[in-house]
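Below is one structure. I have some questions about it.
In order of appearance the chains are A, B, C, D and E, and numbering begins at 1 in each one.
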Amino acid sequence: MSVITAGRPTFRLPSARFAIAVLAVVAFLAVFGGTVTPHDPLLQDPDLALRGPSLTHLFGTDYLGRDVFSRLLAGTGTTVVAALESVGVGLALGVLPGLASLWLGRTVEWVLLRAVDAVMTLPFIVFAIAVTGILGNGLTQAMVAIGVLFAPLFFRVTRAAGLSLTRAQYVEAAELFGASRWRILRTHVWGKVVPTVAVTAAQATGGALLAVSSLTFLGIGVQPPAPTWGGVLASELGFLSQQPWAPVIPAALIMVAVAALNALADAIRPGGVA
Amino acid sequence: ACGDGTVAGPSGTAGGTLKWGWSSVTSWDPVTSSAGWDVHLLSLVYAGLTKLDEKGNAVPALATGWKYDAAGTTLTFTLRPGLKFSDGTALDATAVKKSLERGRDFPKSLIAAQLANVKSVTAPDATTVVIGLAQADYQIPNLFAGKTGMIVSPAAFEADAAALATRPVGAGPFTLTSYVQNSKATLTRNPDYWDAANIKLGGFEAYPLPESATVVAALQSGQYDVAQIPGSQVDAAKAAGLQVQVIPSLVVAVLDVNIAKKPFDDPKVTEALRYAVDRAALLKTAQFGHGDVAYQPFPKGYAGYSNSLDGIYQYNPDKAKQLLAQSSYGTSPVEVVITTAKAEGVPEQLQSQLNAAGFKATIEVIPQAQATQLVYVQHSKALFVDQFAGRDSAVQAFQVLFGKEGLMNPGRQTPPELAEALAKVSKTPLDDPSYPSVLQAATAIAVKSMPNVFLYSVPRILARRANVSAIPEFTVVQRFEGVTVS
Amino acid sequence: MSILLSVDGLDVTFDKHRVLADLSLNVEAGEILGIIGETGSGKTTLARAVVGLSPVRAGRITFDGTDLTALRGKARRAWRRTGQVQYVFQDPLRALDPQHTVARIVAEGLTVAGTLDRAAIDARVATALTQVGLDQSLAGRLPGQISGGQRQRVLLARAVALQPRLLLCDEPVSALDASNRNHVLRLLADLRDRSGVTVVVISHDLSSLAGIADRVAVLYGGRLVEQGPIERVLSEPRHPYTALLTASAPSVRREHPIPARALRPAPDHQPVAAFGPDACSYASRCPFATGRCTAAPATVEDTVQEAWSVACHHADEWRSRLVVGAR
Amino acid sequence: MSFTIARGESVGLVGESGSGKTLTCRAVLGVLPPGVTVGGGGLQLGDTELTTLDRRGWDAVRGNRLAAVFQDPASYLNPSLTVGRQLAEQLRLKRRLPRNQTRAAAVELLSAMGLRRASAVYDQYPHELSGGMLQRALIAIAVAGEPELLVADEATTALDAAVQAEVLDLLRHLREERGLALLLVSHDLAVVAEVCDRVAVFYAGEIVEQGPTADVIANPRHPYTEALLRVASLGDWRRRDLEVIPGRPPEPGAMPIGCRFAARCAHATDACATPVELSTVDDRQVRCHRAATLELVGA
Amino acid sequence: MTTLLSRPAPVALAKPDPAPPKRRSRRWIGTLATPVVVFVFSSLLTFGLGALSPSNPAAAVLGETATPADIARMNHEFGLDRPLPVQYVDWLFSALQGDLGRSYFTTIPVADSIFAALPVDLALAGLAILLAVLIGGAAGIAAALRQGSRLDRAVTAVASALGTLPPFVLGIGLIIVFSVLLKALPAGGYVPLENGLGQWLRFAILPALALSLDIAASIARQLRTSLVGQLGENYVTGAVVRGLGTRRVLFGHALRNAIGPALTVLGIGVPMILGGAVVTEKIFNLPGLAQLALQASGQHDVPLIQGTLLVTVTVVLVCNTLVNIAVLRLTPQGKR
């Protein structure tokens, strides 16, 4: 397991600064993206369909003549919320059982471990498709499915961090001072589990972004005309012959966001993994 | 004129294999096949008593000819002698009788409704089949050119009917030799086909269609010789040096409207809908302009096409607004749910157009496979974005679209004058000079009295590599007489 | 002198592996006791048993009249908060929370006890750091930012800050070089001399005890084989293992009375019997073992010297069997 | 710095932590850590100049003429291969034994290192052996190619006293049996005193004193040697005041120009601020301005 | 993945005469028995998903005219009127005998559809894994050997970039480059292996590449990290000092120990490859399991969905077990 050597996130790295800048913009757009668009993201003008970039339409227009730039801005919210939704489900289903597996005895531990193994064998997108196939096609169903698949990740990470801590000598030392479990959790455990979980959450958010766009490509989850990054990308791919450059913009947007999340994960990774 | 040899072009060496990109079939059994487009692939392995020529007129096939009696209730077909199914069994009048009766009586049959009017099938001798009809119906030869009339080997369905879904036995131009669901169907030329002389291809391979983004590349790389492409790819295909044929078809985009459901229970709203739709704009985005704006179920040039309907519901949002205001829903935006299997494209655009005309439209996506259930069977949707694949017989088309039991008539109501007009069509022999005008009158009544909103015609766009000769342009069912590949 | 800590018949077992067997040992108030034994002999386990970190299967541990083995839950926590017994971990890097500063680490015991206010705690921390010879400027550093010797002292300071009566130091100097070792050992001696703290020093080599321990206890295979005043035990060992230890200790003077080789079994040595789990723990390595050694020897007090006990069947006569060859 | 080792001789290097002992060994072995290079001078093994060797040249020398053992034997063996396989590999490569003979030869070599049940040990993985056994196995691998010189960097530091004595015995034995020259590194003067003919005392990357072990110990000429002797274990178990060397060695980046030990030296004068060379008296070398005048106490 | 993280055997320090350890055999049993337990859990999950489904297949199949009696009869026919545990056990045991039920809609046996599609996935996944190992392995080793060089940085950068790329972009990108621009390979479709290796490879290579690049990137990164770690280990210095040649040190020693984590990545990659296959199959128009799942999902065809899930999970478990066995054989301690 990782040996934690230094406590502070290394935000001074240029990559970390870049990541934070990117994510700040994304966060801003997720909240206000719908209000700062130069055009109505839903406004169609078939006569202007599939035009290249211009001053009025920075990133050009899509197959219905909608402003791609506005759609990307307005789509940030749904995209980010979807990704966060799945990560939230993963956190809820992963972290608590992860801790429970450490505290609630061997039987619970065994059952949880096997259950996690079982979930880990599920192929990502096939499972999401199956869930939406059975429970209905919607963003929530798809994201819950993805979240379920993230749960083992959080489970393992939490458990690993917690496991090394239940055996850590400084925790024993604190016990020897008569510290209560709660105090130990607060002063020694929390500070180490949280960054690890945060790292995983950042990476998982990146993964969720990719999963959302893949599912959108397959027609699962968010439905048009609601704009999303993955949706814009998927639809631009249908018009490659008209605008071969067009998919590059949403693809780059997704890539940059995912890269920023990965860089952020590296930055908050406690002291690097030994 | 048996519809053969109409293709100009070099008759290349027989024996080439044509690789065709097309939607795969739901079943190889014409009786249980559930999709309209299956007919194209099915007609590779099955033959009917009749077939349709380029314009959609019934011409002889397995039968050399037919004759109605004076009342129009008895129809006698004369079979070619010595016909054989691909399993080697004889295709005689008895086989035809059994095959037709199965289509009518098989519990899982999806063509039973079309055959409901067939009272009896008798086989007085090996080459004579007599169809007894409950009511006069001159459309039967057309009807028998499609799935309904495809003759299936009784030996095969008597042994194992379920196996037909993957192992068809017919007497078509080709025989299916291997089939992997969603993957590939391999067919070889059937030398016993009655018109084998005109089949120049040695074999046929059908593949499912790829993503529209990659179809041109797939053609270029030689993965397919011919493929159906979306309108958006026409320019790309031409630019890639492919031959593109835009073949008019009976397929038409249509909105199924349920007048039993809100808000269409108010005729004003239904009428407003007709004016609220900008068909030209839809055609442009959906098909990049390939095809025509449609106000009626038939394409221009088809017998049932009525000129009087041209431009009848010209796009007029103001009029739509007015109509809505007069409706019982008042002036506030009228809420409507657009149901579709795929929200991208037309439904999105439709939503925007409706909103501009005083509606408040939302989109609801249902799985394609559930559409039949929810829209056609349970009639639980008010407005469904649909396509009508056309039917071999005009009356049949009317029945599907407007009949009381018609799939695409979720409101389940047919005005009496339409029923009357239709009965008249059935009773008019196809070669009767008044037939077109009778049919056109029915079309006009239907379009004016029924809620279905026709949007645009959907031509069959085929792109082919240079090694393939031109594809004959059949409106209804694609055929391959004379096609060569080198 | 009074007995401060008494270990009586201690038995510790990890998953069927008996690590300490029937171990009895007294620590007198104000003394420095050295516990010595090879790797894996159970020294750490013993110390951890005293502070309640080892799974004790049998036996009693009494500290100044309090039965520590009987303490559970709240009572144990309350007792621990008094800080009377402090255990200094073997591995300083692992025993320090990498995210806490030196000052916070040293203050932890006081903060947990909650009897002092902030200022008093700060003062105690400063005193403790001075006591162990650490510069105040280190107070703000993290454990990763100081040297091994300094970490060892931070660990000591954390214990000292609580003004304990008994200090259990687990290998406090084995990772240090000679000069630094002496430094830390001096510190322990000072603590005892100035504050009267009783100190137990655990070690695997004799040099760590040089010059400071009053008494020494020798562990082998989870049993106490010999204990007594350090000078006597090391100059005239009565147990063959103790003798081997002293003979093996490297010395600049090459002055050992018995060469180590004579105390090891010859390469072709065949054990006289099969030694089971109840045998003398040293029997399988002992060149003097006989059939008697298949039973664990009783602990025998020396008749002359008080508090010098040995557990060996052949304590009195193994020397006579020595084959002293040339080196 | 320079020192020589005669055929079959054993030389000890002693000094505090960080004085450069390990770097010296690594330089001899040609495995300096990245970023560290030999600044000048040469390394001669017999008549081969080592510093100019390429990788292939080194591979021919290492294992055949030059071998090494280190402080933490467990980490110097591949954890996922049995001890026997690693020894056999060495025998095959360096002694050109055919495959079918290596096992017997390996088992014999392991027994010669004092390992009991050598053929069982052959099939065990490093983590299944105790430290003492591992060090013997490592020595077996080292001497498998019958080298002329064995470098032992703190080879016994991590072992228990009793085991350490056994391993030191083994090294002595190997010298006698095979005429192996030994370069033994330790921070414990006592260990070097046990095994080595000559000793070189290191301080801050320099040799400060060098000579026959017994002489150096009995009669140190450099104050640092004296200080080391004072803090070393003396086999004296009475309670007494323990001595320490005050201060800390200079940091590698901040070496004083003069005598590097001056700051911690009880005998330092102003003269000590000037650079000082290694001077040779009889068979002793000392790096001290006051070597001739000081009266130092030995053990 | 499952047994890898089990606790390392405590390294007993004092062992004058260590007995041959027993733990190894216990680890073997764990490695082989755990997948069975996990399979039961996964099957429960798969079955439960179907049981959760709100749609009643009888009603769906029978349609509008169905009477309650018809539905009851149909339910009985499907066996849906029995208690869930009985249904589960029955389903599982039938599944173990290769009977996965029949599709609600086409009534084609699910097993038939799946076993027609499975070879495509297996062949493709096999090729993808091979490519991932070759590409990722070579890149990782090269980067680790020239640590800090331009090559190393390039490998790291490309590997990170691949991890941020939506999978379908990769697929379409490959088509554009190799099919449209270079016209070297077909843009989609599939021929089975029986038609000859060369033919098959022409069609399989692009999708396999699209599937593998992601995993290759992970392998490269992981291998680089662990190899750099191993190359810094003492035993490597030890091997160098013993005069073993560069190649021997790398392949005989360092790589052996570095490969474990990379193999684990591969183990985790198998479900990713099979999961990613959906997108790839759609883009390249391949008749695989994922297409089947997508189609079944569109039809709410519960038996078909359950069947595809169960078969995929089984494939994943088998692969993982193989990976675990490989890791076990390579590293006697399991985990260092």
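Rule of thumb we're sticking to: a contact is a pair of C-beta atoms (placed from the backbone, for glycine too) under 8 Å apart; a residue touches a chain by one contact, two chains touch by 3 or more.
The structure displayed is predicted, hence computed values, not measured ones.
Peer 1: In how few steps can one go from subunit B to subunit E if every step must land on a touching chain?
Peer 2: The least step count works out to 1.
Peer 1: Closest chain to the overall C-alpha centroid, by per-chain C-alpha centroid: which is it?
Peer 2: That would be chain E.
Peer 1: Please compute the C-alpha centroid of subunit C, do the same for subunit E, then give the distance between them in whole Å.
Peer 2: Here subunit C and subunit E have centroids separated by 53 Å.
Peer 1: Taking each chain's centre as the mean position of its Cα atoms, how many Å separate subunit B from subunit C?
Peer 2: Centre-to-centre distance between subunit B and subunit C: 93 Å.
Peer 1: Between subunit A and subunit B, tell me the centre distance in angstrom, where each centre is the average of that chain's C-alpha atoms.
Peer 2: 46
Peer 1: At which residue positions does subunit B touch at least two other chains?
Peer 2: Expected reply: 211, 213, 216, 367.
Peer 1: For subunit A, jot down the residues that touch at least 2 other chains.
Peer 2: 133, 237, 240
Peer 1: Which subunit C residues sit where two or more other chains touch them?
Peer 2: 38-39, in rising order.
Peer 1: Going by the contact rule at the top, pick out the subunit B residues touching subunit A in the complex.
Peer 2: My answer: residues 211-213, 216, 232-233, 235-236, 239, 281, 284-285, 342-345, 347-349, 351-352, 363, 365, 367.
Peer 1: Help me check something: in the complex, which residues belonging to subunit E touch subunit D?
Peer 2: 9, 11, 13-18, 20-21, 233-235, 237-246, 248, 252-253, 256-257, 330-333, 336
Peer 1: Mind listing the subunit E positions that touch subunit B in their complex?
Peer 2: Residue positions touching the partner: 60, 63-64, 105-108, 113, 116-117, 120, 172, 175-176, 179-180, 183, 185-190, 282-287, 291-292, 295, 297-301.
Peer 1: Per the contact definition, I'd like the list of subunit A residues that touch subunit C in the complex.
Peer 2: Against subunit C, the touching part of subunit A is residues 4-7, 168-170, 172-180, 183, 187-188, 191-192, 271.
Peer 1: In the complex formed with subunit A, which residues of subunit C make contact?
Peer 2: 51-53, 76-81, 83, 86-87, 89, 91, 94-100, 108-109, 112-113, 142, 144, 158, 162
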